[in-house]
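Should a chain be cited, it is by its letter among A, B, C and D, assigned in written order, with residues numbered from 1 in that chain.
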Amino acid sequence: MRIEIRENPFDPWQAVADYRSSHLTIGKSGASAVFVGTMRDFNEGDDVQAMVLEHYPGMTEKQLQALVDQSMSAHNLDDALVIHRVGELKPGEDIVLVATFSAHRKAAFDACREIMEALKSTAPFWKKETLASGERWVEKNTAGW
Amino acid sequence: MRIEIRENPFDPWQAVADYRSSHLTIGKSGASAVFVGTMRDFNEGDDVQAMVLEHYPGMTEKQLQALVDQSMSAHNLDDALVIHRVGELKPGEDIVLVATFSAHRKAAFDACREIMEALKSTAPFWKKETLASGERWVEKNTAGW
Amino acid sequence: MSINVRFFASLKERIGSAALEIDAQGITTARDVWTSASGQEADEEMLVAINKEYAALDRTVADGDEVAFFPPVTGG
Amino acid sequence: MSINVRFFASLKERIGSAALEIDAQGITTARDVWTSASGQEADEEMLVAINKEYAALDRTVADGDEVAFFPPVTGG
């Protein structure tokens, strides 16, 4: 399992490919489920020019670790990878990657979505958007189920 | 939208990265959900050495097209990509990629899984496994929900 | 005045043929096609496609149709 | 004999401070920490963490604890 919080842009597809070839046993995990969240240039009807992602160093890692641990054992996953950006982002940059690896697809799908929803509702990250008219904090995440 | 049936190995992560950069508008699709199915070296308690994937040329493409069309409009997706292998495969080779792109994660997650399940239950592909003791047809797909 | 019949996967092996043409004479449904082409009783788990679309075993077929028979699909 | 208080995101801006230390004297719960540090009534939507784990606003705090206050999270 790997959890990474990073300040620079990353290529989520390359990250999954690299992780799979370095951490997974060939022929074991039949199912990989991946979610990538990407910064949009619009939100709630407004154009968004940039975003700053703040987090709570130490607690964020701890919280992500706990929620991935829980999903891994609940779904008997082979492995999982989570990467999340912090700092300044531009539209089109990737914010989050959640990848789950399992023998069967049900577990991979269920766990990927569960981790993503738990991250959205409990991991201490906060988004501040830059609009043409100024800055604003995103107040709440939308529901994902 | 792209649907591809191919006889040679492919890199699903590279395929998603390429498709995203060539087909998607930067800053539009906030959510990418991806499933990759990979050939395992075991099934129903037996070691599997190789596999042949047969399909019904013409009908397979038509069926995939119909099910992706339906999911795209039901979930208002921005785009979708499906790649499926046929022919001879070795353990560790990727069999199927389903990628869905949407403004929001709910639609991307729902559609990715729905397409995958519809593919599993209706797209005319058949697997024949090579075991140490000989060959056998896979008789049924396991349930995915 | 003929029907193009196709078999896939384990059915192809069981029948020993991937494709054959049968006389449309006396044929009304896909079930008739199966019986005429295979000489066997229809297996209710079997899937049927007429002109590359899923159809019921008792669907009417027409001269020139392509009628395919195959076991439950196992892709993905 | 002190509590380390931290504020994040919009709360940090509202309070005008990211971190401060308050005297633990007379402090029993996280709610007391908030009132003492902010001089404001607690907002029930606010989230609380004690030593980097989520806690209820009325959870007891101890000398040396790190008590953080922040708005609903919006990552992912």
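Note that contacts are C-beta pairs under 8 Å (C-beta built on N, C-alpha and C of every residue); 3 or more make two chains touch, one makes a residue touch a chain.
Bear in mind the structure is a predicted one, so any value in this text is a computation, not a measurement.
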item	value
Shortest path length from chain A to chain C (each step joins two touching chains)	2
Pieces of the assembly after leaving out chain A, positions unchanged: B, C | D
item	value
Rounded Å distance, chain C centre to chain D centre (Cα mean)	71
Interchain centroid distance [CA atoms averaged], chain B/chain C, Å	26
Inter-centroid spacing, chain D versus chain B (mean Cα positions, whole Å)	48
Per-residue multi-chain contacts in chain B, two or more chains	37, 105, 116
Residue numbers of chain C (touch at least two other chains)	none
Chain B partner contacts - residues on chain C that touch it in the complex	6, 8-10, 47, 49, 52-54, 68, 70-76
Parts of chain B lying in touch with chain A, wherever the complex brings them together	11, 13-14, 16-17, 26-42, 91-92, 103-106, 108-109, 113, 116, 142-145
Residues on chain B engaged by chain C in the complex (per definition of touch)	37, 53-56, 58-59, 62-63, 84, 95-96, 116, 119-128, 137-141
